[in-house]
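Okay, so subunit A shows up in both of these, paired with subunit B first and subunit C after.
For the complex of A and B:
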């Protein structure tokens, strides 16, 4: 059961930033937050409901980047025309996150900040070379995904910071996202993308170890699935032991690379 | 009686369908009498430990807390329950025997206060050696989980199958074996010595399972003025009443147990669970007390027995079985609950519906420091069938026979006994086999691996059933039955039977079920309701019609022989028909009154021979395995419901698909896993149940109706049989696809991958 707490509903970002802190947590969809609160892992005094702050729900594109507000839900991303046209892989990934309730309620910002190690988005955004923007009452900063994701349920975000947007450089690389999923969350996920001739190919491997890992190479011949698998430190659980998950990494990397080379996109 | 079967044998919509889909159906959790207090259970954080101190001072000071009940408060009560062995403490007494065991009950004005109070109860423990599996519990120097000997209660079903303990046993050395069952006939050793082929398997492991009724256990109890009234999620309200009456030393007539719609049962809600906790909460406070468990608490309340089964079978050169020998060890957890009966059934069912001239089977139900195990859909049959059918499959391979042919040569024919002295098989298994073969083989593809399984369950439980039919003056009909509607569709089936027997429209029949102030029903389990409650209801209808005929004779001043019972009423000579309502009205001399027909069923007549009927399981699957990942795709599922007569074919198909899907859960995904004293997956995220996308690509639920059951219109029970051989069929198909023999289920992707690659079963 949830304990007692208050809820603030600011309409201006500046007001929200003044409220957010150690015991006053940002709240949007609640898909992760309420679970943690029910388990008493988080016991906030106050929740700052961000849903009335319009700018956090924006999706916009400039010549050089796609900017997605932290409060955009998985479902909205999956259905957004701008996202589909400029970063089709992200559309495909968000359409397959969790279940329909999570997709309808959960947001890109909440997903990243919770840092569930099996997050689909973190893996995909790492492959897409995304960065995340933070604001606080006193400042702002931007971090790359590797700078941001520090460990399971652990990010570089300070308590008084709010993740306000995710930036994906354009033109976004294109490719595939494959995952092995036996239970509610994936056991292994692989995003393989390329940006065109002369650009390095990128393979992100997520869900399997504590944080997603990025491997780059000049071209696909430089991606050695067996070596990648051997270098991964899988977290064993009921869906697979270390050796099985390493095997799955090799299988999925090989499949993903073959698919990209065969011209498959946005799957 | 009319031969027209307009109301039975045709697919009807379930009566509870719209209420359940729209949310208006009432469940136990919806019932909160005014003045209700809310309870929260303080649970053991140790698997096996002495309780050295319980401090409830702080909890009692928590605002809103009314009482904190612990074992010592119950010393004037009979503070244990259990219908076979009353070994189950309502609240842990002296020691705890599993992680999650109730230690204290905090009762408060609100659930919040109860939770705060529960968090404030301090319990100190002194650890004892925890025995987390049967191997540890059976070890020579293992400490006792139960030091005390409990005299068995008188459970007829159990008594009919297993002898009561002798005085020597009562006085003898204790061990951690809760119960032992041995059966056998013929000369097993000689048969093995003469055999052309002996095939041995095991131990084959069947997992601990959670039945996952969507509705967790909950109850509301009200004890006042020497009467106890309980509303609960009980499959067997009359059995719960017996336990509650013993606890408080009340006559049965002063205990009322009601069970509204159940949100799924699957055996997990049979017998007493949370009712004593709610009841002692009310007894202690004098106010109604409501207790609602969450899913984790429900998982720690009841699970299915896991099993390790070893089997050896002897064959002639032509594939005829000449002997089978089984050894079964069930992990029954900390308390016996229904496990001794599950064990007895597992032993009766393990060798399959085959002609086996020489049998030796021994089973042990073992106490361990894990959550208590009890009934689960299938009731011991899946545990034994996995090893037994897999063993038959291996024999087929060695004999050069296919899966169908080895069974053709060994399945019993209709009327043949598989348990000496018991009812012969009331099914045509060979005909069922051909249906299965046609269905699967005509849709097989290049990558098909087909596995099949057969089981026979001595079903129906002990035949004690009663029903009442109350004919109303307006011609409508009220049926009272003590059976429980838990999603299986009994409400519709009983209405169909009554409408058919009385010749009245289906819509004019109302059904009221599962309340101990109504007529007695022993249990709702063992797939018995349609057959046994159905027979009692038929008799009640006959009784009602006879009473109406007698009244009509009096009203019309004619001999009873001149009264003909017709659809919906009577005919006097060649005059116009007179409806039931009019006869009643004229007899009472007012637009008032009613006629009650009573139907009684006991172990006599058609239900004298045990079991009342056999519930067979006839299933096949067609699998394809991803060589890269070990993921199994179920391409086909075929089932044969050998039900004698399908009163509601739609319900029979639904039950079979449900049972098969639940069986696929245990075969492919589901397993409760202990790591140390606790489960690693006591939740429905990590305890993986089947989902919509896991359903087989082609599903063929066939019905074989040959009128060979003892129930109404030749019907027999359904709803469990199809689950029983599913794991065996899946394991057999995996053996065909991989050329390797599985030794356990669920066959998760990793397990299949390890099997394919000759890797050890467990490894990093």
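For the complex of A and C:
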């Protein structure tokens, strides 16, 4: 059961920015927010519906980056031709987030701001070296994913800030995203990507610890799955113990690295 | 806060019929459909967007009505299981579910039907794998799922033949 609240429906970004604050929360699909409100983890006085603000729904590409508006849904990203051509890994990841209803309603901005530790997007975007843009009534700033993701359900976003867009540098590295999942959310997820021959390889490990972790190396021989597994701090839960999840990390990192080296892409 | 600020009059089209109702902001779409409109074909179970029994379509897009605000359907089109049959003629998906024994207790069925409608509109000829992926967020404790996948395939082939997708 939800508590009582008012709802604002701005059509201009500037109006939304004036409304957002500690007790006045932005929402789009509500797939994360309404669950938190049902559990009384969040009890806002007002909700700011962003669905009428068109500029938050843009996907655009320049020579150097792909920019995805915060209000673009997982399903829209998965089906977007520009995303598929320039950052194919993100297409395949968003096609497998949550379930079909969450993909149809939930947005990239909402997913990141909620900072659910098992977020597929956070892990994939860490591997893709993405950054996030914020606007507030008084200013704007941009943060990298590690600067933004501080802990479970905890980000560097200030209450009056709105995440407006996600930027992925181009050309985006390519590779695979493997997850081990038998409940609604993954137990372990691994994104392994590479760019040119002179660029470091990147492995992001998510869902298993409080925030996703990035490991880089000059080439794939520098990725030691056993060492990564030993160094990670898994959160034990109903899907497995610490030692079991470390085992999963080692297996999944090895599988992901082998797949990328074998030329598998966008899986 | 005045009482008026805590709700608003919503005008929406439900299964082709325009309705206007005052709803509280805190009301979910499931409460609005079931309690205000009496459309109890949409069920509630987990209320966490996991089980899928409350699946309905808003502007042709699937939503979990348990976790969607009723005020958010203002100006939008809502489709529920009650809108599928045309008089006494079952929708091809409903007919196929009957023929393939794709239900037993029936509690999850309206959710599976609405998700299948959304799938076939997007993809009139889905593979078995694509059906399983799309219906992955709906839980059935009776059938073992295989008859549901078969029913969607049967309905899809009939609908393609009839050009009725």
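By definition in this document, the second predicted complex is superposed on the first by the 267 of 267 C-alpha atoms of A that agree within 3 Å, B and C clash if a C-alpha of one lies under 4 Å from a C-alpha of the other, contacts with A are read in each partner's own complex, and residues count from 1 in each chain.
Throughout what follows, a contact is a pair of C-beta atoms (placed from the backbone, for glycine too) under 8 Å apart; a residue touches a chain by one contact, two chains touch by 3 or more.
Please read all numbers here as calculations on a predicted model, not as lab measurements.
Chemist: Now for A:247: first (subunit B), second (subunit C), both, or neither, which partner does it touch?
Modeler: In the superposition, A:247 touches subunit B alone.
Chemist: Taking the superposition as given, does A:238 touch the first partner, subunit B, the second, subunit C, both, or neither?
Modeler: The answer is first: A:238 touches subunit B but not subunit C.
Chemist: Is the number of subunit A residues in contact higher for subunit B or for subunit C?
Modeler: C
Chemist: Tell me which partner A:7 touches in the superposition: subunit B (first), subunit C (second), both or neither.
Modeler: A:7 contacts subunit C only, not subunit B.
Chemist: Considering only touches as defined above, state whether A:220 meets subunit B (first), subunit C (second), both or neither.
Modeler: Touch status of A:220: no partner.
Chemist: Which partner does A:184 contact after superposing on A: first (subunit B), second (subunit C), both, neither?
Modeler: A:184 sits against subunit B and subunit C alike.
Chemist: On the A-aligned overlay, A:114 touches which partner chain: subunit B = first, subunit C = second, or both, or neither?
Modeler: Once the two structures are laid over each other on A, A:114 reaches no partner at all.
Chemist: Which subunit A residues are contacted by subunit C in one complex and by subunit B in the other?
Modeler: 1, 184
Chemist: Applying the document's contact rule, which stretches of subunit A touch subunit C when the two form their complex?
Modeler: Counting only subunit A, the residues touching subunit C are 1-7, 30-31, 34-35, 38, 45, 47, 49, 51, 75, 96, 98-102, 104-105, 184.
Chemist: Okay, in this complex, where on subunit B does subunit A touch?
Modeler: Going through subunit B, the ones touching subunit A are 111-112, 115, 628-629, 669, 673, 680-681, 685-686, 688, 748-750, 753-754, 759, 763-764.
Chemist: Mind listing the subunit C positions that touch subunit A in their complex?
Modeler: 1, 5-6, 8, 24-26, 28, 47-50, 52, 55, 61-64, 67-69, 71-72, 115, 118-119, 133-138
Chemist: Note which residues of subunit A are touching subunit B in the complex, please.
Modeler: Going through subunit A, the ones touching subunit B are 1, 180, 182-184, 236, 238-244, 247-248, 251, 255.
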